[in-house]
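Just below sit the structures, each encoded as structure tokens.
In the two assemblies presented below, subunit A is common to both, partnered first by subunit B and then by subunit C.
And now, the complex of A and B:
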């Protein structure tokens, strides 16, 4: 029916321009020369006034990287990446480094405001309406990373009073060298994988969190990553250490301008949870996904891993992945402490030509360790999405338990969804359960919703949000509302 | 001609495994405002198809004929526009929406049509008040609101849920496709009460049914017999009683 085709075209047009975070900030930048070699690494290290040990660490990582091959096992494809044809350091020019928010370049403040992340301390995470019947909520401390550097971190004083350290990692290297040296690379070793090695060699900034014994972090912490410069990779490094009986909830958000080129984002995140400690790590990943023909977009190749070192410690990953041209990411838990708990809640949405290969690894080492995996995969357009998960139970992990639930939802018939669960159980007294479903949004469902007055977009939004409910409810309220909207926006133009 | 619902010479077909299959073969039907009409007829005569075509289901291709609704060309409108204009279809087989909370669905739908009709949206509190009043009137438990749309509902619960949606959406044309089938007497009563509560000079209903019992409660203004894709006979409420006793045989002979 022509009327329908027309609507679909209109909606598709909407879809193309629906990435509203795609603007570019015009600001003077300090670049390292293009290309990757020891000199680049020395330059990054000297710009950051790093100690010798860290330079040596980077160079060792670089040496390891040079012997490694880009992994090919993921179900994604892209033209070869020319690692010499990119900038590895790009920072807004500034005098000494802002001591306070007043010193931050107003252009940057405007950028974050436009992104809905105001960097003044009274403010809430904006762009999110307060749900009915709810009070304005607790403030959130934000670390804003712009290309290669952290440009501002809010609420540091309030946090310091509680004993919590929240600062750019480059600053932590200077101010808390012992902590950084002890833990950096202790969860993800420099030679862990190709992209982790690359990150270790050239990482520029990221967040550092330390929560001392017995402290419950008094507010949510968040880092907002923004890629702005052209031809520039972003290699951030995040390290979160939570001591005995302490806890923290940390959120991460990311956006980038719309560009025809592909940009590389290769981050490493390391979490360490000691006895009875708990870390909740939430991500809403919304890097530019490329246009509807697959031109441009971020290559998001990320290594995230948490070590539950102490007994009864808990690490919970929640991710909503809507952006990036390619996502390659497996947030994992090493369940070492007796009775420790690992959780992975994931929604991965791909539309148009996006590709995602994402999942988790749960490594059960200690006795009575438990893990839960709930992965929701939504594919639309010509996209392709794979859940890849590993549950490994080592011989000593008696009483270990895992429950895995993988659900795929297909929108249209040009897309693909795949589930690749690996289970390695070397303990007879462990229990592993796996459930998987695949479904489609049916014509019947669409017609039913539309007969009740819902637009196609609202109908898909409702069904998709219903499909993801079990994951979305794990997000902190602020992010849950944003994530719901994001899901709907990223699927615009996918039905008709 | 009445300007409420006017179906004229309606032909529609469906693509059945590559071959077009004509199902509606010249339906003529006029429903004036404020009236309740019943359609009866043997299985496979095209009753559900007619209701789908009126609601705008895309798999059916209208090859000729017209439908005007309150002066508008109904066939040119998208399904959601028809809903906003007041068309409500209670499905013969209501659809399940896994993970979608029933109350949330209902509120989204109510607000979508309110928006389209230029009315203010209902906030959570106002919605809850309205929906509680509706469930109470239909002797339904509020527990049904917390479940996912039609998922795990019994046949009777699904039908009652359709009536609840109808009550909340305040249509001006309600099409009920065998909403009474498989219901016990009490549930039947609820369906009838749902329709009767909406009755007004600006509301009409098209009730597809096989049973005299529902019509006893509704007291229809007109009863039509559909056979082989056409309305073959029309009469007053007494026609339904006749069919109840004699069956369709005599009308089918007429249609052939």
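And now, the complex of A and C:
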């Protein structure tokens, strides 16, 4: 959610601990029949006018999925999910397909306006008058995904001039089939895990980014995900390829209406970085977390993985996880290229009955690969939050280096915070360091803030922001401000 | 949707002995074992330590007879007649069976006053602290335990040291033994238990046997149990030990384990702090070479407020050795003001050595101070350079650094006699492993040049 000011205003207007993105848009939708079988997959594929190879790929994924068991190792509990009781395809009904923003359903545009997502390029361009009190900001290209379908992508022309491809993945399948075919599933294979296989079988849209050799992407790219329809799962697929000496910064935001049912979100994100390439992937995950009694909310089962294929390539994941009833998410880096770098910066906040099991995997394959993991976990209310991470150094990764720091903060005595790191080192010339702490906000810190006249809630906000500073400073500016506010909202009602 | 592969490993190595067990407790243990099997790699607690070496053998019950001279030699070696522990009361087991003729009363040393000693054999009752459903290896022990020692220390008695020695006397047959020990300390009592596991007869060829002891420790209010263990079983042996400790208010269980022997070894400690202001230390070191696998696993449960837990583990791995550390600190909601610390460090001295670590925190109380750390690396080149610039030859410099790394954790153990035992065992292992490792590496280096 890069639109800072609108969102901030909305945040300020916000009353006591409520979810402001909880509205529902009434829009005509095109659904596939409920349930999941080969016919559903064929239907999705034909709706998207996909080539045969992609349909075969989906069916292979579906076949793999049917032989798999839902993973149970994460520290989360939920009633069994009935995969047949959901719609796997829901798209806003459209006529011929919009050529420009004017043709997009105005109801949709209003939704994004409400969410604070700028789809109107002109309003964002430099030189346009900035209303008083609003700060001027850098243009950001946005791909908006509504339920299963990408509805608009902005700034495509500017990007095309630089040679950057930024479009919905369904369009990429049509326009750049060779690229998609070469890279799709090359980082997260179809049978990688239960939810990735499910996604591969039924994914409907997502973003595709290709940055050619030597190009620094001229602006931040951003995808905004919105689940709107009832009983739908959202399965988006993102593929980002960055060629030699190129770089990109990518932001991702997500929200959903407030419902007392649970909705499934199973996304797959694949990143490929070639020689000297760099990818920065930032997420502010703010799916509807359910109410204070744990009713409703999104089940967020996401597979995110980046491959540093080229020498000296770099992939950096930054995430702020405040939403979802359940989060199951481990953005990972496969460090193949010599001297490649993986980073993971995470803040996970859980409140009420939320459960989060999140962390990362750093697989060191190449020589002199380096990784840094900074994970901050905050639990409040009756929530449970787990950091689960793996650092694996393979025999060829001489000179590899890892530093991991996991800190947990407990607010209230009914919540849990857990740390489960796995360290596997098979190279004597590698160094791995791990440290973790768990504590609460100290009385001294509180007392200090209170005696300066801060309210208890503000003091907690201040201290929590300080606790997360190492991660928040990695976020692009627009996101950082947003994230700080989000943290405060997420923890509302957790003290006193 | 699809068939799930059986999680457990086959019980075939023990099958012949599991049939026809009538005793209800043991029978239930067999049932439990049949249900889950021996743990396989898909069991989370066993993901790094595989019981494959057990497969393909048939482990028979060890014979009661043994060569007293050979065993006597082994005993003299671990407890030299002029050593600090020479006149310490000792309880000796050979192949898991208590050997009265080698134990204290027979040596003219009586057990100290305030200690009640009994053989498990005399009244085979199982302590509720270690129950079969908690751990398959406890189930296996419960099913097959024949003997062991039971020590109870009376209220307020400070009884000093007792040595518990297990000697494996392996003949031609592949045997397994499953001793069941228990120690209980009354209010305010104290005991230093020194445990040694060795094998007799230094056969050059590896002998295959399986030692599966279970020890339960019940530490009463304000009591203190110090427990040192030196494990130097023969090559070819498998040593899988489980300790369950329950510590009452203000009690302390201070343990140290030194793992040097066996092809496959695991020392698993479950310590439960069940009374306020109790403390537990689970410290240890491993020095492994060749294809040894050594595992230190701990589960520390803070079930009462104001308790302290400390763990410092150091591993040195050469050749193709693999070290495993799994440490879980579980803090219940009631356990406010918990102070937990855990540190696991490893030195890898060979390109083929491996360390797998999983330090874990599971915390449900907010007013706690818990931390853990882990580091893995090779010897520091700068430290080596420093020593060499002072004229110390490389092999010696390496030994100095490795020794210093391990002594730092040995220093945590305060008892003089226990420390002497640790030092002797470690010194021998250092001479065996570190010199060797150096030569191996040199030849490997020459070959690659």
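Methods note: the second predicted complex is superposed on the first by the 460 of 496 C-alpha atoms of A that agree within 3 Å, B and C clash if a C-alpha of one lies under 4 Å from a C-alpha of the other, contacts with A are read in each partner's own complex, and residues count from 1 in each chain.
Criterion: a residue touches a chain if its C-beta (ideal position, glycine included) is under 8 Å from a C-beta of that chain, and two chains touch if they have at least 3 such contacts.
Keep in mind it's a predicted model, so treat the numbers as computed, not measured.
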So, A:410: does it touch subunit B (first), subunit C (second), both, or neither? second
Of subunit B and subunit C, which one touches more of subunit A's residues? C
Who does A:453 touch here: subunit B (first), subunit C (second), both, or neither? first
Contact-wise, after the overlay, does A:444 reach subunit B, subunit C, both or neither (first, second, both, neither)? first
Applying the document's definition of touch, where does A:430 land relative to subunit B and subunit C: first, second, both, or neither? second
Once the structures are superposed on A, label A:469 by its partner contacts, choosing first (subunit B), second (subunit C), both or neither. first
Looking at the overlay, does A:66 come into contact with subunit B only (first), subunit C only (second), both, or neither? second
Taking the stated contact definition, name every residue in subunit A that is touched by subunit B in one complex and by subunit C in the other, in rising order. 439
Quick check on the complex: what are the subunit B residues that touch subunit A? 55-59, 76, 78-80, 82-84, 87-89, 91, 94-101, 104-105, 108-110, 112-113, 116, 123-125, 148, 165, 169
Name, in rising order, each residue of subunit A that touches subunit B in their complex. 1, 3-4, 7, 132-133, 439, 442-445, 447-456, 458, 462-463, 465-469
With touch defined as at the start, can you tell me which subunit A residues reach subunit C in the complex? 66-69, 73, 395, 408, 410-440
Residue ranges of subunit C in contact with subunit A within the complex: 1-2, 4, 44, 333, 336, 346, 348-378
